[in-house]
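Two complexes, one shared chain (chain A), two partners (chain B, chain C).
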Partner chain A sequence: MSATIEKGINALKRQVDSSVAAFFSSCVHCGICAEACLFYTETGDAKRTPINKTEPLRRIWKSEYTLFGRVGKMFGLTRKVTDEMLEEWQELVYDSCTLCGRCSMVCPVGNDIALMIRKTREGMAAAGQAPEGLIGATTRSVTIGSPMGVKWPALAAQIRHVEEDSGLKVPVDQSDVDYMLLLSSMEIMNFPEFIEAMAKIFDKAGVSWTISSEAFEATNSGIQIGVSDIAAELVQRIVDVADKLRVKTVISPECGHAYMAIRWDGPNLVGKPFGFKVRHVLEVLDDLHKQGRLKLAGKDTQRLTYHDPCQISRRGGVIDEPRNLINLFADNFVEMPDGGKMNWCCGAGGGVSANERADEIRLKVFDRKKAQLEEVKPDAIISACSNCRIHLEDGLEEHNMDIPLLSLTETIAEYLSDE
Partner chain B sequence: MSEIEILSWARGPGLQIATVIFVAGVVIRIFEILLLGRKANLAEAKGSEMSSGLKTMITRTVPDKTTFKRSSVTIVAGYVFHIGMFISFFFFAPHILFFKDLIGISWPSLPGAVIDACAVISIIALLAVLVNRLTNKVMRFLTNFEDLLTWFLTFLPLITGYFAFHRIGFTAPSLLAAHLLSVELLLVVFPFTKLMHTFTLFLARWYNGAISGYRGVES
Partner chain C sequence: MTKDKNLKNGAPEQVNLEKGTPVKGTLGEALRSQGVSRRSFMKFCATTASMMALPPAMIPTIARALENARRPSVIWLSFQECTGCTESLTRAHTSTVESLIFDSISLDYHHTLQAAAGHGAEEAREVAMEENYGNYLLVVDGSIPLDNPGYSTIAGISNLDMLNEAAKGAAAIIAVGTCATYGGIPHANPNPTGAVSVKDIIKDKPIINVPGCPPIPVVITGVLAHFLTFGSLPELDHIGRPKAFYGQSIHDRCYRRPFYDKGQFAETFDDEGAKKGWCLFKLGCKGPTTYNACATTKWNNGTSFPIESGHPCIGCSEPDFWDGGGFYKALSMPTVDLSQTAAYAAAGAAAAGVAIGLMNRSKKNTSNKIHVKTTLEDLKK
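Now for the complex of A and B:
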């Protein structure tokens, strides 16, 4: 047994708790989870059934944490987790799962299969069985501070552009402010309009805010690849700065997994509750509107639909807020079939878009989103995750579908009232 | 051994042994799960763990519309067999007498004809479950020896019960002995197989609801 597979097995052992044991004890192999997973529905490949992706973790649970399994292990009857096995499972655990969690919503016995797959990744990564693309993104996050290698000077340059264009000040490293805004590399490089939108909204709302030059990156490759130590280190960087600047609320931007990382996993990764609140930007906007600080004027008469980013809606709990906000300016809003907590994933989350090996299947499973869009026939799609946005644009282009993608925050900024 | 001797063994020591293994096994398995424990969530909650968990324990019984459409055969056959088996198991007069002897309480029974119909429906549904398991692409892929074994061990009490009820082929003591032995076999295997889902699904659903509800999502 090599050192790496040993590490992988130990990492899997650490993932087993009472919830995992209850889940595995309850699975009856009904296969219903497959029908909830776009990686199965769009490929028809049975091995991509969600529960099958958790097989490495199941073997460890069975042989180490059940009486029958332990007895079986003494007689050499249990199935082992080996390097070869994990190598075979890489494609299932990383390329064919966005951790979207639809399977967890439909399992009749109640298994949180997405959580089990997330936990399986911890063992895969520790055994050195993670995709190159994700290893690269994670390494860049640790050494440079961003999965895409974006450094502060790049953001500083974007901020200068925003300030020139808008005539507004973007506060940097201010202490004792209401909000500290985090950004995803994708926003910094591809959608700097988001920063401008935030500057405009905060200016109108009259709240204090800042961007930190030390901790501006919201994304967290550690939780995508499944290395809790690295995920914790990336969260800690934000915690240190938020504490130093004494900010009241840290804002997670339009990025799905970034929200999961800082809002729900963050305190558990660093091992203690935060001294500040964490909110998704849509929660902040909805809150500002409720306080009367966000006023909109004008209506969009186009047929608009909303694509729920999985980690923000189903896995994150921000479902009503985007709809409240959209209703402020949309005259002709239409839900996608299964919209809300049962929405279908775009196909690129959970590290899939950072994994070049998965490019082909990523575009293949877009067929599910395409079918949803063909039913709704929207003039434009609103979303709140730049990763979803880029992939949706990719998929639409592939099928020659000309539907623009809008950021909800940026659209709100366009409808700000002049009052 | 004569058929009467077999029947008295099945009624006496056989049943006792099976019941002890079943009860001890189930208790061990549940403790084995609960004793593993789970870390407290340190993130600020958006909803309640307890009430969401309890809610999901019940609401997960009903599939959402799209899931029902996509997996209708699995869901309908599964439901029919579970409900039919539940009724014939708990509401057949001789079964209730048996429970009264065992635990001292009883409840009203359903007419024999209703029980008979439920058993037949269950048997047909269970056969449909098997055909579905062997023909559905995903289920065939997932199926292992345990799935087939537990199917067979669940089928046996139903079919032997049906034969005993109608006195088909053999003498009454033989049929009753076969029925009792098949139930004992099921009891013995129960704690060590996926049949445990009967109990653990409530734990699993609670965890699912709690994890999701903590983040403010009804699951």
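Now for the complex of A and C:
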């Protein structure tokens, strides 16, 4: 109960670095980022232009780190960052941004606007301006170990079911294995098939793997709410266990921001390089296939399309792997318009789905995905992010569209060759 | 060129234009006696009228006025000058009506041209001033030194004193050449003699500035003709120049203007562009900022003008042309060497940048220092 505007402003001051200064100095106010953001295109509301969402950070940069800003501050000419201002921006920074990074792709001067919005959240959170839902998720992540409140006994029960159904052993807390699999709460609670799929695939491929009872949660609410200290703590839990078990590779599951948090932000958050590799599950599967350890049989003749999760494709670079894998079993694969690195966000990533206040707008901006799907008219949609899956199902239901959502990993497990 | 006293003092009788016999002692008579036909005289009047943008109906008026005009007394004072202006006005290749008009004025004092010397010469000036007090034209070429009167004297009289004295009885003053009009080369930085122009000293007389280094002869005669015809000065621009001659820039009247418009420039004096007669702007031509009649009246009896002979205009009829940067620097280039200034500015900016960078760094360090690890407790107010 100690968040203050001063702490918020100090947090924003800490976020200004050379790249932020370069970004703000080089912004030409062209507004091209607006057209790249589904929260703008679907609402037509100019205040939702991506660069506008960074305004609190920009004001701090301007008034604290620029000559004109300092002089202006002396004469009281600069616009201040106040509680009222941050409250007004809450809806823009948290509800109207999934950190999908599409704006960063189109910026003609190369500004990473998504990064700046992420940094703006640091100030918002420190000033006590984070949404209730995200504070709750973050609290559960830290105290319970999972944003959805999933504890080890719940996962242990799911593992037991998987083992009974598949007749396969799911290794727990085994050391010196090749892979340590992380899971997102959503997979544990909503899609336990994912665990079964991994067990089957790894069994066929003959690799050693494990799930840790201490650090199984892949998601990172600290990243979404914008508190690096908490994000670092959550990453550190995984690092400690991976080091203890001496695993070679940590696998990030079918979850967008979890991959970004552990692979790209992780080492920066804990401040040192990892002693293990981090790979997305699709990268691992593609690798196994290339090594000849993943063999598939049979074809799906349905018209299939792939929804690129932003943090995995655009921000993570895992673009070819899912397509390689889909082509192993799909006879009739069609790309969505803008598929690949410029795919449109589902509308619920980056903490939006954890923020009940944003329910209305996330379903509103689903119109963009709906338009894409109407153009492709697929029989089923494949994705590689549980959060995308759940939101896409929500949106489709809202519009009475009956298109099933498939997990890529689970689908691969279904087409495993018996040889 | 000393003037015949009889002619000068001839009676100003009414002329009988129909008979074509000019009255004795007038300009018309003087011209006739020198063999100028009425036809060429009328031609000159027409040319003068058109050059000075007067309606054709004015031609007979000019002719009548010039024929009847009593040869005006002209006193020509030369101060800090090079005699180039006088050269320009007297060195015509063939005798023209302009030069004859010039020849036919009663040039009572011009120390370069007159035969008299010493006391005789100065006496001629004093007599002319006295006899024509209030009516004579005073022509001045050269600038006037104000630092030390000893820099330029005539017969022991300083230029300043002579000008002040001669100006008193003058009907009007024609400042000829850039030195007399704007100070010219003597006035150029660092101006060692403290040279100034005529208009800097004389404030109570009408002054016509005829700048140029040297000025075009026909401009002088045109101004004289105007003065004789209408008894007044022609319309002048904001720096005292007759608009009829100085109303348009060299650039606007230049025959090479189409090359400028097409972006075809000579880059050096011996390149293809120079051979093809392309625009000399990049070689420093001051045509765009220079107002004079060179491009239309031309020089040496209409033979050519500097740009036509392949050299950029140096802007000699403009104030301070000598200090306007190099003659061969294009107008759009800085007139002074900015490299040192730029170096200082860059060093200053770099120092400021380092200082601001250090301040920013310390600010960020401070914000890092006062940061206390954010915990769950800190997420709410």
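Please note the rule applied: the second predicted complex is superposed on the first by the 416 of 419 C-alpha atoms of A that agree within 3 Å, B and C clash if a C-alpha of one lies under 4 Å from a C-alpha of the other, contacts with A are read in each partner's own complex, and residues count from 1 in each chain.
Assume contacts are C-beta pairs under 8 Å (C-beta built on N, C-alpha and C of every residue); 3 or more make two chains touch, one makes a residue touch a chain.
All values reported here derive from a predicted model rather than from experimental measurement.
Asker: Using the superposition on chain A described above, determine whether A:16 touches chain B (first), chain C (second), both, or neither.
Answerer: both
Asker: Once the shared chain is lined up, is A:67 touching chain B (first), chain C (second), both, or neither of them?
Answerer: Both partners, chain B and chain C.
Asker: Mind working out whether A:143 is in touch with chain B, chain C, both or neither, as first, second, both or neither?
Answerer: Second partner only, chain C.
Asker: With both complexes superposed on chain A, which partner does A:46 reach: first (chain B), second (chain C), both or neither?
Answerer: first
Asker: Now for A:341: first (chain B), second (chain C), both, or neither, which partner does it touch?
Answerer: first
Asker: Pick one for A:225: touches chain B only (first), chain C only (second), both, or neither.
Answerer: second
Asker: When the two structures are overlaid on chain A, which partner does A:7 contact: first (chain B), second (chain C), both, or neither?
Answerer: The answer is second: A:7 touches chain C but not chain B.
Asker: Between chain C and chain B, which one touches more residues of chain A when both complexes sit on the common chain A?
Answerer: B
Asker: Once chain A of both complexes is superposed, is A:316 in touch with chain B (first), chain C (second), both, or neither?
Answerer: After superposition on chain A, A:316 lies in contact with chain B alone.
Asker: Looking at the overlay, what does A:301 touch: chain B (first), chain C (second), both, or neither?
Answerer: neither
Asker: Show which residues of chain A both chain B and chain C reach, each in its own complex.
Answerer: Common interface on chain A, chain B vs chain C: 16-17, 65, 67.
Asker: Which bits of chain B are touching chain A when the two form their complex?
Answerer: 28-29, 32-39, 41-44, 46-47, 56-57, 60-61, 63-64, 66-67, 70-71, 74-75, 78, 136-144, 147, 192, 194, 196-197, 200-201, 203-209, 211-212, 215-219
Asker: For a test of understanding, state which residues of chain C touch chain A in their complex under the given definition.
Answerer: 352, 356, 360, 363-364, 367-368, 370-371, 373-381
Asker: Help me check something: in the complex, which residues belonging to chain A touch chain B?
Answerer: Result: residues 16-23, 25-32, 34-36, 40-41, 44, 46-47, 49, 51-52, 65-68, 104-112, 115, 263-268, 271-274, 277-278, 313-317, 319, 337-338, 341-342 of chain A touch chain B.
Asker: Which residues of chain A touch chain C in their complex?
Answerer: Touching chain C: residues 1-4, 7, 10-11, 13-14, 16-17, 64-65, 67, 125-126, 128, 130, 135, 138-139, 142-143, 225, 227-230 of chain A.
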